[in-house]
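Take a look at the structure set out below.
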Amino acid sequence: MTSTTRLVYLGPPGTFSEAALMTLPIADRAQLDPLPNVAAALDAVRQGDADGALVPFENSVEGSVSTTLDELASGDLLQVTAEVVLLIRFALLVRPGTVIDAVRTVSSHPHAQPQCRRWLAKNLPDARWEPSFSNSEAARRVQAGEVDAALAGAFAAPRYGLSVLADDVQDVDGAQTRFVLVTRPGPPPSPTGSDRTTVVLFERDDHPGALLEILTEFAVRGVNLTRLESRPTGAGLGRYSFSVDCEGHVSEARVGEALSALHRVCAEVRFLGSYSRADGRAGVVRPSTSDDAFHEAAVWLSGLRGDTRARSTDGS
Amino acid sequence: MTSTTRLVYLGPPGTFSEAALMTLPIADRAQLDPLPNVAAALDAVRQGDADGALVPFENSVEGSVSTTLDELASGDLLQVTAEVVLLIRFALLVRPGTVIDAVRTVSSHPHAQPQCRRWLAKNLPDARWEPSFSNSEAARRVQAGEVDAALAGAFAAPRYGLSVLADDVQDVDGAQTRFVLVTRPGPPPSPTGSDRTTVVLFERDDHPGALLEILTEFAVRGVNLTRLESRPTGAGLGRYSFSVDCEGHVSEARVGEALSALHRVCAEVRFLGSYSRADGRAGVVRPSTSDDAFHEAAVWLSGLRGDTRARSTDGS
Amino acid sequence: MTSTTRLVYLGPPGTFSEAALMTLPIADRAQLDPLPNVAAALDAVRQGDADGALVPFENSVEGSVSTTLDELASGDLLQVTAEVVLLIRFALLVRPGTVIDAVRTVSSHPHAQPQCRRWLAKNLPDARWEPSFSNSEAARRVQAGEVDAALAGAFAAPRYGLSVLADDVQDVDGAQTRFVLVTRPGPPPSPTGSDRTTVVLFERDDHPGALLEILTEFAVRGVNLTRLESRPTGAGLGRYSFSVDCEGHVSEARVGEALSALHRVCAEVRFLGSYSRADGRAGVVRPSTSDDAFHEAAVWLSGLRGDTRARSTDGS
Amino acid sequence: MTSTTRLVYLGPPGTFSEAALMTLPIADRAQLDPLPNVAAALDAVRQGDADGALVPFENSVEGSVSTTLDELASGDLLQVTAEVVLLIRFALLVRPGTVIDAVRTVSSHPHAQPQCRRWLAKNLPDARWEPSFSNSEAARRVQAGEVDAALAGAFAAPRYGLSVLADDVQDVDGAQTRFVLVTRPGPPPSPTGSDRTTVVLFERDDHPGALLEILTEFAVRGVNLTRLESRPTGAGLGRYSFSVDCEGHVSEARVGEALSALHRVCAEVRFLGSYSRADGRAGVVRPSTSDDAFHEAAVWLSGLRGDTRARSTDGS
């Protein structure tokens, strides 16, 4: 990406997505533009209007962001090349001078309200909550006088000329949101030793035990899962695809063999990328599933087969 | 439940929840009251203000209804005693006389919009979508002149004095929503031969392979799963509970033994009920996992143990 | 058993079987009689001519004693009630005065010869080996002048008027043989906390993965195997039964549930007994598979089922 | 192998091993020599004194031939290149003129006697059985007047000048013995579509579940086992190696990947060969584990990895 790099994010300005994007070095020398929803941000990348999109993926309180999962699981293939994890802290933003007794309406993105449910019930039991497209949009509506308060990151206050009436209003401290940077498909970033791989698995047929088989393909090769979501395929209740994160990088042998195996047994394996983990944790690799162990086994197998070539060349 | 039975549902009147509730015989002789959200409906049951609550649980396009899953997975224990599956068809409701070119704003519950995304993009590319708490609320807002059109069930039109401008505007035909009737805990309804059991499983610790172990406990006893959702526990990214539906009834031996096993290996098994399946499908029971096979094995085991009692009494 | 207890063993006198039997307290006040082969010893028990039979079961060098396995796996049911493990040391027994250069023929039971193969190759390269029904029989044949030397326990020498020409002639030190005391079926001995259970499993049909399923029934309930032998069923190559030892006692819940499960999935589970381990090792019991955990789960399940009875009574 | 090919077999002449060897085309133009035992036959190959050895491997009534298993599992590596399966029929051979009432002693290899146990009990209840090194040796002893009758194949009668007093004296019709042709290691014979692969697996450590893991490595890749034997390693009771036959050929991807995986997780995988099955049965190959499926998956994986090379070259 050159100096003309254009990155889009789930806007408007002042969202956690913007805050997340700004933690990435690439953002320093790129043009950053908000788009109104996840689909629009991803489509901008698909159509070449942007080089990357930063969108929320998973929240430790509310779970996966269904729209992101579903948009990545269908349409033209995209690729995750980086992740960012932010600690989520909410503030109650009001117009300067507003006192708490005067707050009759509170707005936020629907994902924010449940994270502050208990605080609201205790401190604003009579206030009415109204959904907004985003927490920033809620802040804008406060500014415009349409609602009295917004749940949003404190960093959004100056942008909309608001005051922080209460900080850390989230019920659970330590809530995190994971964001992903999405680009058009290409060779994945090089492995760092602390990588994650994301795929979507579509079952060949919906038989009992299909998920057990899928998990066994990972487990037998020592590949640990860090997230698994079932998502309806739209083909009726009881028909699912599986959105999966696992430790490791597609270039590692254990991950590659597991993905190849899934490619054989699933109707489709949609590879969404291998990328560096935000938490920097090195995945656990058993000695028997290290790249060295795989390489040594491949050489041994070639010997058995009587290959004169130095090593196996058929992927098995 | 007597003639004074009070059932609540996710309102306002005119929602699919009300339509689902009215398919249950028990609704004929009960007082039906809307409540503004799932939490309020379930809390009414918990507090004894209502005898049951009908709430959406799972949608074949959008997936699980997170609020319902999470409200059932925490707080005082509740029990699912029945399910209803409705085919979901959306209509575009407008004030009588409105033509399509005049529609500039469309509103609906956030779950409805993605199900009609393609239709909206084609037929109302310039209309702005606004979230409402429910599709019925959107219809009410149309009636009040706040928005121009609502995505809702056609059955909501007369209630709000609206017209159906377009019917079947959903992108995917055959979309279904599963609703559940929730009561306070008690002995489950008797088995019917076509039953489903719902539990929430909390892992003892978050080790790789935990889900594989859980699935094996079901599989080894021939209990098929019909839904599995991971949900964050709120204790950080990567920590999950599992919301699971399986075939069969807790009173059946294979289901009982599987649940007992999970009770041994999980930190908590939250039993949410065994109830008749809406689709009337009989679960697949292998001969080796029928109640007869379990009974015969228990008698055999008692013999081995030299029990003079007629049969095993220790659950193993 | 009373003072008239009669125990038989794989004779003739001077075998390791006799030595093993004499380690059991019950042998002190019983009449001990040799019988010429395993089948005869077991049949004596079956027909009521003896109260128990002590026979070899497994050798750490040569493996299972096929005859014993097969005799126990067919015919009228018998029960293992105790085991004895002896360290196996072989001596070369000769007539007094015989020097090694004069040894032209050596005899022993066919199981003994391979255990001394290397010693024989080095020290008696030109001697011819002849099979005998037992090592004691070989010693008797030395006494009778039919062969020059016998491989047998040194303890057999005085009984046949022989000398020990070389001791510890076994190739591998530490070789052990496990013997079992077999009685007619009855309630098993009480659990000691260090128990072993022996069963023979006959597959329902010979499908790939049958053994994997069998092992999973044990593993999922935390029951460790200590021996597994496949034995042909006689119905053609590729058709097997499995002779299995596992840790624990049939009266323990995890073992009971595993056996019940196998009873459901196998064509036949032939229970050969639960008995105290000779090595005194306590089996490894995971907290989730302790009797307490099973009991607690059974009580919990009864509650779910709305049972007014104190606990589950159906073995699941 | 040239016209000077020398093949040895478990002698003496007249054994089933000789009969088995003579069914192989290679025997037509080779010099065939008996050796007195399996170890001698295999050592002749190891030392270059013979080009191949034909030895018994497995019997459908008596099970594996322990000596063969153990000799192949240790010492210098050998390779199985062909198998022969013979239907085993025993005759009672006597000196011409002998009537059944005159038979007081019967001899055979110890493996033969149990296969005729019931016939002997009924027809020769008072005859004494004596072990011989082989059935042919028993026949020779009849000829020499040392015993009265031999259990052996009827084809051995003319060789020793004996008569068949009774034919088909085996208790179970259809008993089979599988023999293997063993050579020095080298590239395996080309796959035929109906192949078998034999390996010996040594566990890395003796943990519960080790065998379950081994079986899973085969099962997950759709490789069916046709034989599994545990054999003591000599390192104490409870320590085993596993002798395994599976369907398919090492050159096939699913077999190769399974063996490679075992190479990674086992202390040692001793490859004993891939060779054509005597029964001509094609192994069952699921579409997801065909060579085509593996190849297609390897190409797909290379694409994911951004390889410009045509295909994966690292065996994963």
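Note that the chains take the letters A, B, C and D in the order they are written out, and that residue 1 is the start of every chain.
Throughout what follows, a contact is a pair of C-beta atoms (placed from the backbone, for glycine too) under 8 Å apart; a residue touches a chain by one contact, two chains touch by 3 or more.
It should be emphasised that the depicted structure is a prediction, and the values quoted were computed from it without experimental measurement.
S.K.: Using the touch definition from the top, list the chains contacting both subunit A and subunit D.
M.R.: Intersection of subunit A and subunit D contact lists gives nothing.
S.K.: Centroid of subunit B to centroid of subunit C, CA atoms only: how many Å?
M.R.: Computed from C-alpha means, the inter-chain centre distance equals 56 Å.
S.K.: Can you check how far apart subunit A and subunit C are, centre to centre, with Cα atoms defining each centre and the answer in Å?
M.R.: Taking the average C-alpha coordinate of subunit A and of subunit C, the gap between them is 58 Å.
S.K.: Taking each chain's centre as its mean C-alpha position, how far apart are subunit C and subunit D in Å?
M.R.: Taking the mean C-alpha position of each chain, the two centres sit 26 Å apart.
S.K.: Among the residues of subunit B, pick out those that touch two or more other chains and give their numbers.
M.R.: 216
S.K.: With chains as vertices joined when they touch, what's the shape: line, ring, star, complete or other?
M.R.: ring
S.K.: Over in the complex, which subunit D residues touch subunit A? Could you list them?
M.R.: 186-188, 204, 216-217, 220-221, 250-251, 253-254, 256-257, 259-261, 263-265, 271, 288-289, 293-298, 300-301, 304-306, 311-316
S.K.: Which part of subunit D faces subunit C closely enough to touch in the complex?
M.R.: Within the complex, subunit D contacts subunit C at residues 39, 58-63, 66-67, 70, 85, 110, 114, 131, 133, 172, 174-176, 178, 208-209, 211-212, 215-216, 219, 224-232, 234-240, 284.
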